[in-house]
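The data blocks that follow each hold one structure.
Two complexes come next, and they have one chain in common, subunit A, joined by subunit B in the first and subunit C in the second.
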Partner chain A sequence: MNYLKTKLTVGIAAILLSIVIPACGNEANSVQQQSEDGRPIIQFWHAFGGAGSSVEALVEEYNNYQNEVYVNATYQGDYLENQSKIQAAIAARNHPDVTVIEAGAIGAFAKAGALVDLGELVKQEDMSLDDFVPGLLGNSYWDDTLVALPFARSTPLLYMNKNMLEEVGLDISGPTTWDELEEYARKLTIPEERYGFTTATNTWLFEALVFQNGGEILSEDGKKSLFHSDAGVEALQYWMDMIDEGIMKNPPAERGFDVSQQDFVNQNAAMLFASTGSLGSILDSIEGQGFEVITSFLPKKEEFATPSGGSNLVILENTSEERQQAAWEFVKWMTEKEQTIQFSQATGYMPVRQSAIDSEDMQAIYENSPQFKVAVDQLAYARPRPMVPAYHELQVIITIEMQRAILEDGVSAQEALTAAAERGNELLSK
Partner chain B sequence: MKLLNYLLKGLNWVLLLTVILIFIFPFFWMITTAFKSFSETMMFPPKWIPDQWLWQNFVDAWQSGPFLHYYINSITVTVSILVLQFLTVIPASYAFARYRFKGDRFLFALIMITLMIPAQLIFLPVYLQMSSWGLIDSLASLIIPFASSAFGIFLIRQAFKQVPNELIEAARLDQASEWKIMWKIMVPYAKPTIITFALFSFITHWNDYFWPLVMTNSELSRTLPVGIARLRDIDSGASWNLVMAGNMLLVVPILVIFFLAQRHIIKAFVYTGVK
Partner chain C sequence: MKSWPIIRPYVMIAPALIVFLLFFIYPIYYMVYLSLHSWDFISPTKDFVGLSNFQQLLNSSEFAKVLSNTLVYTFGTVVFSITLALFLALWLNRSTRIHRLAQTAVFSPYIISLASIALLWLWMMDPDFGLLNWLLSLVGIPKQPWLTDQNTALFSLILVAVWKGVGFNTLVFIAGLQSIPKDLYEAADLDQSPKWRTFYKITLPMLTPTLFFLVVTNVIVSFQVFDTVHIMTLGGPVNSTNTLVFNIYMHGFRFFNIGYASAVGVILLILLAIMTWLYFRLLSKRVHYQ
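Moving on, here comes the complex of A and B:
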């Protein structure tokens, strides 16, 4: 009797569940293939938090501008999170049509055959790529195939506290060489009170130094580390010497970008390397603090150089020809002159087209806030980040080894970088 | 003698106050930051109290996404998980605590092992499974994987083991069914432990970020933590004032529930401590 009752209860619970769960699935699973007005839907996953509203505004404009398709833009976490989601979604075959991928990770996706060959599409309609800023197209090719178009792009800049420079009588056009930067930092430092210079000791910025010193990060075929050559060791040593002397602050590795920016904004540091993408927030946060910020190129050693960062738009393979064409129309539109101007104005990312940079709108902005102009001028010296799939992991190792050389007594720059290079060669040869 | 007593009492107070301060500080920091202007969040030395209390931050955070949906989803998901966990965890704990059957130790060990595997490791197979059922981007994909809990089985089994055998035997003499014994004797006896587990489970799933982020693609099927994480920005750093305002929206329900359940939680810890 009781046994029966138990069985009955369990049975009812099971039936209830089997009703509730699929129902709950159907309701939320309403990712329709068609929009309300019957247009096919193109899924676009992006990785922009705060800046996301500008991306979504552009997409909405696109949906009003044409009536062939409806683009559905959704935020999927930061670059790394979005990329892991894409990988899982590809395995499950429910990935979106269009997404953004961080410049250095394009290779990993292209190698896996996940990205549509855009070169074919460009050829089909006789489109010219000449208008794209050459320095930003570097991370768009894999095996000589065009797989991505530049979208939200940035480079590092040298930020300076103009008032502090004037206070100690330094030329406000800023240091142009490594030696000058060191000299500036020394003069700007007040022991126990402020540092002359600070930056995240991070691989992205290390790349800049290696390039400036005439070095390379990886061999051309991407199979060997070259960053532990003299050019790389000298670069790291240069930072280590300034840190030892107490004229450069080494922020904690984990939040290096945040902490160094905070020190700069709070006038605990006079100069800073940070992304162009930070310009907007730096200008916002110094409002009413009584000082001015000026920007300039990263100083040179042998030559001026800067790595470009940020993300590119890609179309993911395995959608039908029609969807691919529709996705392509959207990607093309997003990177056109008007849209890149609008996005750049809203976020501080750089315009990706020369005609946009030359436009009256942008020129007016550069006139008003010359800090933005520097980033664009510096593009002439922009270099692509290494694109081989293993670099994704290697760059973390390089950052860790740099920290080890800086923080641990008795570890030389050469030792640390060689250790990273050996790990790197293992990863690269896979 | 009396003096010594007072001194000890005073010392006790000082110690307790220090502990309270340590625990309160993050909350204090969150609350004040939620009201600051952006430039105030960047100041160092920090401004403890904002010049102006900006309620606007909450409006901005709320309007940054479909927050009402996030709330409804968060509540639906956590409540469903809790209900399912009760239905699966309590009978399982009862069986493991009170029955000897073939392979019981092996099964229990198997359950304990799942405690040691992080979600990041198994998300891909689960994702593929959910995808083949067509459940990706649905609330079901956030609920089903957590329909039971190894931690809960472990915790409640321990509590069930402490129920005196005499009680159960007396009930059996009165011809109570196993079902009745479980719900009428075991569960009330282990109530503080069960409430504690429910609270742990609630907090875990209410705050979970990784799982909902992976399993859902569209804003309308997402939960609060994913919506709040969106307030961060990649290249330009975070607007901490908005992030903290968002966090307040997330934390307040937890605090309310905690204060409601506080009495039982303390009891549960006392029970396990006094043994």
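Moving on, here comes the complex of A and C:
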């Protein structure tokens, strides 16, 4: 009896050990390696909620189109969440082969050596990058090496509720200057019922205002803050004045994109700054609501300007040579003319190739839904986002300090931005 | 098999010990190790920086804010939810149909996932179009900014935590109340002791073990608040709801400063250790066991 007990204990201990020990192993890519039909699997993590079905449709098409590999696309949450998971997955040496990274975060990943040098791959096959829309390649290089290809690219647009504009007798071509936007917002506001204007008051849209006002965010070498110059202060003051007057809604900054878009769709706000990438989902959600949406350029101050945003496709370092090659084939295919047309059409993100913009398909879309064309026209004024890795943290600090100026009595735009700039200079000099 | 009696106890505790070492001791060791380094979680090298992460942290006004937010949140949540739970328990410690129904109602938020609760409250707390302000407007109270103002945001999170946690605390209190011997109350009745004195002299002292248990568990849980912050405010506005665990997440996974995040983690660990120790030293002396 005792003997049996002992045997049992040892047995249980052995089983437990055998469960625990292999779990400490350091095997790279221990995820499933083969699809049901025996093709090697390429893991692709993406960050598209609304546009997710369009991404997955493309991937499925790719899986049918070729039979060398099987691409497995999985949604990981928004850009930041996806990037957090990538980071953890790299540390665990169990990361996907391909993923998307937000334009402003490419630098952080590239600097850490996590991204495959695509320049080499491009050279190998004599591929030309000339067809890529030049304004969109700005966030693709780190230290002069190509590390990313543009994929889901966007700029902010001005969205307007056409019916409301007509109702108060405003010109539906929309405001073209800051003063006009303010005037529009004033006329469109009905106290307690709707705001004339709303937007996420975060750093991305602040960049747009600073550029429009002739300012810069960082110095050219990326070592110093410049956003607290007069151009920046005026930009923030412009928002603060409209908010104080009650003609602009300041949504909670951290969730600004969601809340402002929701208010616009629910007709609680008449005008909105939001990404082109939201066009598809905005048009979908207003269907049957009895109003029309029109888009136009962000209004100018000194000049028209907009930051480009969205995400690029990258291949992560540390996969084998064959997998890298297979991943490259996939990335290349995703950014080709036909695919970029299909994706743009479904989501509102911009086509990343000139040939796609010029194509008959795309021109037909622009004819039918001119809202889509505005983003492409505005590209002429698009600028890349700062790429220094520290900007990743700095942009959160800028957003927080702007909120401080907006919400706290007695904090001026200048004070708040200077505080952010000082913190920024510390981070940038590291 | 002579050595067996010596080995046996170790074999017996091995499973528990392995799990303990692997999931408690090793992570703590690794966190302390990382807190002395500068690392972005991606690059292959970790640079040893000594105590500079701690130095940075102690000089940071953000960290001071984060720490005070966490303390205010913990204090508010624990005090409100335990006091409220105590009163609810006194009221619900009867077994009529109404009371059973009320018990169920009070307890049900506890079993709903925090993520859904957070989303629900987010909508109810919308300053312009939310349910709470609409209800307030019916009784003539002006609109509250809830999560959108730095003076009310943390309080709003406390409200959600109290609403979610009070049911569990009530249930534990009811169990505590029911284990108080009835003869004590009978004796008090015979002496014609007024209700408040019975409560103060009998009920409360007899409930101290329960109270002690609840305070400890509530403090530890509140100190680690993350879900509601992540879903409802993301630390804003202006860091007014940025708490320790959320701060660790931001620095570790958003800003790529694993070293700094680990340093905050070490501070959190030390604080929780001190608090647990304090409770057992001080509070346990005042706990009244029958």
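Methods note: the second predicted complex is superposed on the first by the 391 of 430 C-alpha atoms of A that agree within 3 Å, B and C clash if a C-alpha of one lies under 4 Å from a C-alpha of the other, contacts with A are read in each partner's own complex, and residues count from 1 in each chain.
The rule is short, and it goes like this: a residue touches a chain if its C-beta (ideal position, glycine included) is under 8 Å from a C-beta of that chain, and two chains touch if they have at least 3 such contacts.
In this text, all values refer to a predicted model and were calculated from it rather than measured experimentally.
In the superposition on chain A, A:Gly348 makes contact with subunit B only, while subunit C stays out of contact range.
In the superposition on chain A, contact of A:Asn268 is made with both subunit B and subunit C. Once chain A of one complex is fitted onto chain A of the other, the partner contacts of A:Gly288 are limited to subunit B, with no touch recorded for subunit C. Using the contact criterion defined above for the overlaid structures, shared-chain residue A:His392 touches subunit C, although it does not reach subunit B. In the overlay built on the shared chain, the residue A:Glu68 is in contact with neither subunit B nor subunit C.
In the superposition on chain A, A:Ala114 makes contact with subunit C only, not with subunit B. In the superposition on chain A, contact is made by A:Ala47 with subunit B only, not with subunit C. Applying the stated contact rule after C-alpha superposition, one finds that A:Ala88 touches each of subunit B and subunit C.
Considering which of subunit B and subunit C touches more of subunit A, the answer is B. Put simply, subunit A uses residues 6, 9, 13, 17, 24, 84, 88, 91, 263, 266, 268 to touch subunit B in one complex and subunit C in the other. In the complex of the two chains, the subunit B residues touching subunit A come out as 38-39, 41-44, 64, 80, 84, 87, 123-124, 127-128, 131-141, 143-144, 177-180, 213-214, 217-221, 226, 229-239. Subunit C makes touch with subunit A in their complex at residues 4, 8, 11-12, 14-15, 18-19, 22, 40-44, 128-129, 147-150, 233-239, 250, 253-257.
Of all residues in subunit A, those touching subunit B in their complex are 2-3, 5-6, 9, 13, 17, 21-22, 24-29, 31, 43, 45, 47-53, 72, 74-79, 81, 84-85, 88, 91-94, 96, 152, 154, 257-258, 261-263, 265-266, 268, 275, 277-278, 280-281, 284-289, 310, 347-349. Of all residues in subunit A, those touching subunit C in their complex are 6, 9-10, 12-13, 16-17, 20, 24, 80, 84, 87-88, 90-91, 108-109, 111-114, 249-255, 263, 266, 268, 389, 392-393, 396, 400-401, 403-404, 407-408.
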